[in-house]
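Here chain A shows up in two complexes: once beside chain B, once beside chain C.
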Partner chain A sequence: MLHPGIARRLRLTWLCLVAGISIHGAYGAEKVYMEAADFAASAFSTPSPQTHVLWLTPELRATAVRILGHEPAQLRQKYWNEGKKTVWILEEIGKEEVITAGFVVQDGHIEQTRVLTYRESRGDEIRYPAFLNQFQGATLADDNHLNRRIDGISGATLSVNAMVRMSRLALYFAKMAEAK
Partner chain B sequence: MRRRPSPLARFLRHWHTRLGIGAAVFLLLLALTGLVLNHGDTLGLDQTEISTPWLMNWYGLKTVIPENGFRSNGEVLVAQGDNWALNGKRLKQGHGDPVGFAVTAGQHWVATASELLLYQADGRLIDRVDAALLPTTPLRHIGIWKEQLVLDSAGGFFSSEDGISWQPLPKQAKVAWIRPDSLTDTERQQAMPLFKPRLPVLRIVADLHSGRVFGSYGPLATDTLAILLIFFAISGSWLHLRKKCPPGHSHSPKSPVPLGQ
Partner chain C sequence: MSAPHLKTSPRLIPSLLACLLTAGLSVAQGAVPTLEEKIEILQQELEELKRQVAQNQAATTRLANNTAGNTGGAGSGNAIASAGNSLASSATTIGGYGELSYNRYRNNNTYDNQADLNRFVLFFGHRFNDKLRFMSEMEVEHAVSSSSDQGEAEIEQAYLDYNLNDKLNFKAGLFLMPLGILNETHEPPTYYGVMRNEVETRIIPSTWREGGIGVYGEVLPGLRYDVGVTTGFNAAKIDDPAFAIRGGHQEMQLSKANDLSVYAALNYRAPGLLLGGGVFTGGTAQKGASLADPTAKALLQNSKARLTLWDLHGKYSIGDLDLQALYAKGTLGDADTVAAAIAAQQIADSTGTGIAIPKSFYGWYGQAAYHLWRSDDMELIPFVRYERYNTQKEVAAGFTANPLNDERAVTAGANFKLHPQVVLKADYQKFRADPGKDRLNLGVGYMF
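And then the complex of A and B:
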């Protein structure tokens, strides 16, 4: 038989433990920050910019594989343009889920970047201007890497890497679209 | 003179030992599954699927082959939820219930209510045309007119060659609409392996870790184990500290009186 004092203390401890337990199912929810069409429209002076298509030829596909580290999800890439300005909506997996981001490219440099849809359970700090502003003005070096270093965010490394890969791909696609 | 251990010390020592042995088995399971979960992506376990019959039975998943499919130009699309098969080959990017399938100029179009997917004959995704680039949604059916794709949508009928630029369909156009059609027994047999239930290995490991693989009582068992571990941490620390510094003695590390003797 337990001493009543000990029994009381144990009951209290048990209650505290049960009350303190939280069931943590950190499942990611899709967060849409901006629709792709709205992002494209916001980049141009015309309300309905013309949609174009860039087909991934074997050469383009091979370079896309080198940039992404895997096969691109699709063989046809849509984009919008007005003059020398192009808008690219790209998707890339961060850790497990696809991140959708928009890139405005003008004269070979990134003018604007925005996270449009984020589906991972953590790491959505990449949507803040403090991080995204680092891409402004970035260009593509000869080795298809950015001409600058992008500082990471603790706990969002894979999302940051995905954004860097997408920015390189947007610049590469813009170069190829201009050369068409 | 030896001091008798307090009732609390005796209680903690007694249960710390007995419960600890029982919990060790589960602790091992938690540690192993935790390790696998931490490195599951690197090991490719999120992409590796398992369809072992007894395990699928345990999860309550059964093979259900669709009764109907879509036929266009002699090619067949069979779909059920996110599981799509084109001519017996699985399409990985399938998502949602298709409302139509059409083959025009060698391009394979699959429509869901909200988007249009374009595939090569080998099943590779060419493009995904979402609601932003469609004239209207939801889509109801798709068909073929003069080698062009035709949409029957909430906002009317539209045709396109590339799925990007759309024109209203002329009223006199005679469209070959592609409706769901009954599958033959041979087609159903061919489709069977593709519609066997399967789960990613990582999902099963995660369910083992959380206890969900054991049904609704599994998470409760895992919660109990978590509480036991907290109990072990507290009782073990308390017993250790008490052994080092018994009450009523100096705090010298040489204190010679062990508990329970």
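And then the complex of A and C:
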């Protein structure tokens, strides 16, 4: 049996938690940090940036498979652009759940990265600027890998890997969109 | 697409309608396309349909070539393939990891060389809604599990996770204890060395799980707390002092729950940095419930035998260099009583005269790894680790500690990643107190 002092503290903790539920119960676990449209709008000076579609031709699809390690789910990829700046909203599975992230690419390098929706039970530290800022300025090397190493987060290996794969895909798509 | 194909492909018409509808939705969502753009969209859709029809025909041909007895297998395969093509992930998810090893001892007079499928693990998860999910991990150790083999089939995790917000989440069931680095993150590609490190095997009994309820969340960006009430150890089951109190681990198999335990952990995570620690404490006497001998049972009925185990740990990456260190220490109260109870039971059963139950035990290690070479997804990472541990720092009165349990070990080798989630490993381990354990290890590990 628990020590009476510990039991008393546990009862108090439980009361605090019940109170906490009533205060915080409105929030969901599918953590939406930013809507895709808001992210796109924040990247441009105009309120309604142009939307475009990049078709995943067999060549693009083959490269996407090499980057992701699996078939991409989409037949075509929607993106926004203004001048040489493009915005990409991508999705990739971390360990079990889909992570949605936004990437702003300009002149072949990543200008901004944001985790828009996170659904995994562990590893959501990838949403913090300390992690995301590592992608700023990253470009695509000849082998379609990033030109830099991204430091991982302990316990979030698969979420970090998913973010790296998505950033590579965003840079590749941006390159192909520019060449179109 | 020719007319005969349309006739022989009944799925094509709904597909075409769906594609046209999709094209229409795309138009509605974005800027209004020009006529040329609309034609381009439809052309692309038709190209894709042609590709899909060709794939379907090929699949149909393969199916027709199979024997009737293969129908179930083909159906399963299709289900998996379609799941893999969609990121709209199923509510039920599957993952896993595994590892194989080969140990070759320098002098195999004491220990036999062996090859083993150490672990084969499958994860099953199910999301009931946005807040509530079920997580589980099923494991088979050493390939075969039967009454005449050493293998085990076990449930490593099975719990419900209820997420309220970043700061407050609950879990209930069988889950991993948040002590150390390896216990919660133990997939082979995530750690260096073929075998798990000795300190997080003998001092922190990884993979260590308990049944209970827990609360966790972030108090500040990157700073996560984890607290809970769980089952604990059963001191009467401690059987091998070389592994400290590991033998008393109940693994939620009809666990004696007369004494419960509590745990708390705090970890700060940032890119390339982990700093944290945890503590677990609770009674282990369990009122002698698993002892049959009345004398032995009576000894533990009025005892507490509190176990307290704590650790501090850290990881830091500087460029291509990964550094990691951990210190862990445990104490067992009433160790004299526990030792006397086990001795009484063994004497009654004529199986022995007792065990040198540890009153205290500790261990620490420091490790350095360097990302020496990488190409595409492959990476070569040599590492070296020094470990110091003593599973019997102090023992119960009347018993003597085995000097072989006061050990220093050096491990040097390399992880070669074929893919971020697939690793080949090789290392050599040298032990000071028990040189008979010096060995070459080779291994393969994966996670998905």
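The definition used in the following text is that the second predicted complex is superposed on the first by the 152 of 180 C-alpha atoms of A that agree within 3 Å, B and C clash if a C-alpha of one lies under 4 Å from a C-alpha of the other, contacts with A are read in each partner's own complex, and residues count from 1 in each chain.
Rule of thumb we're sticking to: a contact is a pair of C-beta atoms (placed from the backbone, for glycine too) under 8 Å apart; a residue touches a chain by one contact, two chains touch by 3 or more.
The structure presented is a predicted model; accordingly, all values stated were derived computationally and were not measured.
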Chain B versus chain C as contact partner of A:75, first or second or both or neither: both
Touched partner set for A:83, first chain B, second chain C, both or neither: neither
Touching partner for A:47 - first (chain B), second (chain C), both, neither: neither
Partner touching more residues of chain A, whether chain B or chain C: C
Partner chain(s) touched by A:35 [first = chain B, second = chain C, both, neither]: first
Contacts of A:96 with chain B and chain C, given as first, second, both or neither: both
Footprint overlap on chain A, where chain B in one structure and chain C in the other make contact: 2, 6, 13, 17, 21, 51, 53, 73, 75-76, 78, 95-96
Chain A-facing residues of chain B, complex: 7-8, 11, 41, 46, 93, 118, 120, 124-128, 130, 132-133, 162, 164-165, 219, 223, 226-227, 230, 234
Of all residues in chain A, those that touch chain C in their complex: 1-2, 6, 10, 13, 17, 20-21, 24-25, 27-31, 50-53, 55, 69-71, 73, 75-76, 78, 91-93, 95-98, 121, 124-125, 128, 130-131, 134, 143, 145, 149-158, 161
Of all residues in chain A, those that touch chain B in their complex: 2-3, 6, 13-14, 17-18, 21, 23, 35-37, 51, 53, 73-76, 78, 95-96
Complex contact set, residues of chain C against chain A: 26, 29-31, 41, 44-45, 48, 84-89, 93, 95, 123, 125, 127, 130-131, 133, 135, 161-169, 181, 184-185, 187, 189-190, 215, 221-222, 227, 229, 258-260, 262, 269-272, 274, 283, 315, 317, 319-320, 371, 375-376, 419-421, 447
